Amino acid sequence: MNPAYYRFTSNLVAAFSLPIHPPTASTIGQGVDYLYFFLTGITLFFTILIFSIIFYFMIKYRRRSEDETPGFIGTSMMLEATWTLIPLAICVVIFIWASSLYFENSRPPNASMEMFVVGKQWMWHIQHPEGPREINELHVPVGVPVKLTMTSEDVIHDFSIPAFRIKKDVLPGRYSSIWFQATKTGVYHFYCAQYCGTDHARMIGWVYVMSADDYAGWLSGGVRGESMAQNGERLFTQLGCITCHVADNNGRCPTLVGLFNHPVKLKDGRTLTADDAYLRNAIVNSNSMPLPNYAPVMPSFQGQINEEQLLQLIAYIKSLGPEERKSAGK
Amino acid sequence: MSTAVTEIPQDSRVHYLNVSYGVKSWLLTVDHKRIALLYLASITFMFLVGGVAAVLMRIHLIEPAGALVQPETYNKLFSAHGIIMVFFFLVPSIPATLGNFLVPLMIGAKDLAFPKLNLLSWYIYVVGALFTLYAVISGGVDTGWTFYTPYSSTYSHSAVIPVAIGVFITGFSSILTGLNFIVTIHKMRAPGLTWFRLPLFIWTMYATSVIFILGTPVLAITIFLLGVERLFHVGIFDPALGGDPLLFQHLFWFYSHPAVYIMILPGMGVVSELIAAFSRKRIYGYSMVAYSSFAIAIISFLVWGHHMFVTGQSIYAGLIFSVLSFLVAIPSAIKVFNWTATLYKGSISYEAPMLYALGFIGLFTMGGLTGLFLASLATDVHLSGTYFIVAHFHYIMVGGAVMAYMGGLHYWWPKITGRMYPDMWARVAAVIIFVGFNLTFFPQFMLGYLGMPRRYAVYPPEFQVFNVMSSAGASILGIGYLIPLVYFIWSMRYGPLAPANPWGAKGLEWTVPSPPPTENFEETPIVTEEAYDYAPIPEGQHG
Amino acid sequence: MSSHVVPLKVYIGTFLGLLFFTALTTWVAFIDLGPFNTVVALAIATVKMLLVILFFMHVRSSSGLTRVVVAAGFFWLALLIAFTLSDELTRQWSPIPSSWGPGISQSEPQ
Amino acid sequence: MADLVAHGAGHDLAATHSPDLKHHFDNMTQQFDAANLGMWVFLATEVLFFGGLFASYTVYRALYLPGFEIGSRLLDVRFGATNTAVLICSSLTMVLAIRAAQTGQRKAQVVLLLLTMILGAAFLGIKFTFEWRNDYLEHLVPGVNFIDRPEWGANAPHVQMFFIFYFIMTSIHALHMIIGIGLLSVLTWMAARGRFTPDYFTPLEVSGLYWHFVDIVWIFLFPLLYLIGGRYGVGGGH
């Protein structure tokens, strides 16, 4: 299965000008395609095998006369064993190949850009940390791994980009994340792939994969408000979080400086890492994770702020990284 | 049809059909054969309703922007098509019609163990069907046949409750059928009829009944909880109120995946009978095929997680379900190889039932192998939620279960009605169905790989070519299904009288006249030879 | 027909046993055994169930087939619970690093 | 019927011409075994019907343990324990009624069946008029008048989830009790007419299996709902 064969099929396809092969525009696309071709090969092989054997037997052993009675054919356990073990072996090979590929694809590389997707009934809100917010459009630089942190405001949606061979359900009340690294510039569809109501079919959008400088130009040009972190800071003061979460840790609540991605020890002894899900849970449902030496006085903000504002608050908390901590915070 | 119909052939003998007439004799019958015909009528009606929904969908999908209806109506069409076809046609089709008719006949019993429960199961089916048809007519339901929450419990404003009641009630109809079969096959076999002398159709009826018994109740409780959540606005599965939507999917698929084996296992049983009868040979590896039917019934309960690979299910659970999903494919592979091996050195004749059986083997092989794409984690991410899945399960259900149902109907039609059907027309219809089917669903594999999501009322223009091909195929398939309807009805009145054993097949049901008397056997037969005893088994060889 | 008639004292014995275990499980519930409370409560409930099935429902003297049906029902319930929990409890574990290397932790910091 | 008992058909189990033998069965043993197996298969479906509830309860209990413990402590153990005892007594009277049929004591059958029904009604009485009424007055019925209490804090939705399952499980169980009592009233009427003899008591045996199953469901419901609430050192009741 070398690239030559791969080129051969795409030329063949181009000749027929019938799109039977989706564009492959992400790093993992190649691996998934190879597995797909292997499985297609297996399917065609066995289907043709069974069809040809049947046709051959149909012609050779057609009934010549009414009173023809075929003799007894004993069952050879050897034959039964072969057509049990061979499919089993093939299944094991496919399973190992597919699962290792899946495990590799499910972990975003460490230095990936992060973008936030909020699915709402029948549109996608996309926010870039630097500030731009788009509806049903996603601008990404080519060659840079991008991690999408997604949630839904109502029902289950599913963010699916066929050209990148990725798809993940977007559940309300939880963050789910996928990542991709675009390899070819261009414009590709993304869809909602989990039925979500009347206009499920209209939740379609475009991914614009741009070269690095085009992306930088797009990012700086055009009207864009404050970055997510700045929006988050404004909300942080507006909602009164600043009164408790004072930077130098003598308020009634723990400081949030340098909290992101660091282990937090709870009263019942569990240690959790303060990732996106932890921060979201802390804002929406804090009392369910009591801290050892703080009273559970934090009110729940469930319903007061929507998912986008939640993401902005979390972006702000993340911006209070360890380096600010050393400079004794704002 | 070609022979000039001068006189209508009359049957002088008394049998289960002419023993009594009138509506009461049908609506209050406890004879398993008459109940099978009641089921046949109601199932055919539901198949037509579901089929009309399918044709409307295919017409709508000819144009990217939708040629017929608003998206709202399209959602109701595919939901109605899904619900009616799954719960009201595919699940009960072979067990309730052919199964009800043949189980007592094949094992030498006078009737099923609980005749009154058998009639009750038909009435429950009818009540469930009425609820669902009321829902479809009174505005329709737009949640799809999977009823995923929180859409179905909080956000959908369509007739979810009536459909939920309809599906809840119909579940008990299949529970009663399953219960009847298990007790009958265990307790009422003719003397000498050991388990390994049973026809393979009985093995698949037994395996299907095990799934009926152990799967359907979980669907009933899941639909009940959905109804409670929707009526009382409590958050069992609604994340906003603390519930977990994935729990609904777990409970739903715990039944719904074994349900797809409920649909295909009886089809496998029918095909085993057809292949043996029309090649005049014992099924190759009889015990292996019998064991694999039972193995499918058991392992089918361990694999439901492959429906949830991309829905946020834990990766480790996905790993377990993926391995088990590969395991469940092995017994099906064994069966296909054994059917093909049965043809070796047989004396094969090509009446209509055999065409359906051979078509089944080919299409079921393709359907099963495309399942491997969805069991392997990496490709399922790309293919989940697309038309590849629609094509996969239609290859198994329409290419498999419906083909086998048609084959079985043709094969046992002379026994059920005592009349032969025009075989030439039947062969033509079989070929039309085979061609129409492939033209409808093979392009959908391409659409799936290209990434077109399923349940889309409108789609981007680059997918139009395949959708038009699929719609063309659907019209051919639709015609293919209407032809048998015509000549079956014709044959009921004008068809030539059928002998007791028109195909020269082995099996207890062929030892009684067609149509059989009400009490099936004058005296209970004593069984001495093996199943499919076309050629005597030399000493020292096992079957 | 389970033709033979079960002696009276077997029924009375089973009845008293059931009452005893009910009292026991209620009493044990008030003692703090940490996580074992659930285990003990379920164990006592299982014993009571077996008493009812074996003696009151005459499964002790009925065919193997009945025992298989009883076992199948509970085994399938166990399947449903086990596989559903296998997902619900491991959903927060992040995937192990691509090199299958050491440091597989509950949730690997990015 | 009386003459059958009189001339002592006794334990001719393979009686092939008893009036109670249905036409499609060969002998009475086959008919009894079929009915017995049929009921057991039906009970397997009931195990899985309740199983769906137990599975969901187990999942949410594993996820929301504190909320479920608070909810469980709000239930009154005394009512739960007495109800369990009542059901166990009703199981005993049911079994004795079957034994009375096997030994041909017609009057004992009627008395014992009536006793079983009274105990069943007592169970429902305690459940509806005491427990559910108290829960209603304390605003603990989700979807009807459930009010979160401040001391629950963030566990409030989980306490509500506990009560959702409490009410669903107990109401489905109560529904099965009502069906059981209906069944028993028919049996009592048949027993009063002397329908059951040592050779033919299948309906009794089958209904007994159903009744004992409903008792087993409660045997599991009682600890899962009432006892695993971490009520250490707290006196009985609230």
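For reference, chains read A, B, C and D in written order, and residue numbers begin at 1 within each chain.
Following the convention adopted for this analysis, a residue touches a chain if its C-beta (ideal position, glycine included) is under 8 Å from a C-beta of that chain, and two chains touch if they have at least 3 such contacts.
Computed from a predicted structure; not experimentally measured.
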(request) Would you mind telling me which chain pair, B-D or C-D, is linked by more contacting C-beta pairs? (result) C-D
(request) Report the chain closest to the protein's overall CA mean, measuring from each chain's own CA mean. (result) B
(message) Report the inter-centroid distance (CA atoms only) between subunit A and subunit B in whole Å.
(response) 36
(message) Between subunit A and subunit C, what distance separates the C-alpha centroids? Give it in angstrom.
(response) 38
(message) Suppose each chain is reduced to the average of its Cα coordinates; what separation in Å results between subunit C and subunit D?
(response) 18
(request) Note the residues in subunit B that touch 2 or more other chains, in rising order. (result) 186, 214, 218, 244, 246-247, 251, 312, 315
(request) Could you list the positions in subunit A whose residues touch two or more of the other chains? (result) 103, 106
(request) Note the residues in subunit C that touch 2 or more other chains, in rising order. (result) 65, 72-73, 76, 80, 84, 88-89, 92, 95
(message) Show me the residue ranges of subunit A that touch subunit D in the complex, using the header's touch definition.
(response) 285-288, 296, 300
(request) Using the touch rule from the top, collect the residues of subunit C that touch subunit D in their complex. (result) 1-3, 5-6, 8, 11-12, 15, 18-19, 22-23, 25-26, 29-32, 37-38, 41-42, 44-45, 48-49, 52-53, 56-58, 62-63, 65-66, 69-70, 72-74, 76-77, 80-81, 84-85, 88-89
(message) Applying the document's contact rule, which stretches of subunit C touch subunit B when the two form their complex?
(response) 65, 72-73, 76, 79-80, 83-84, 86-93, 95
(request) Please name which positions on subunit B make contact with subunit D in the complex. (result) 109-115, 117, 175, 178-180, 182-183, 186-188, 213-218, 220-222, 225, 228, 231-236, 241-244, 247, 251, 519, 524
(message) Quick check on the complex: what are the subunit B residues that touch subunit C?
(response) 186, 214, 218, 244, 246-247, 250-251, 254, 301-302, 304-305, 308, 312-317, 320-321
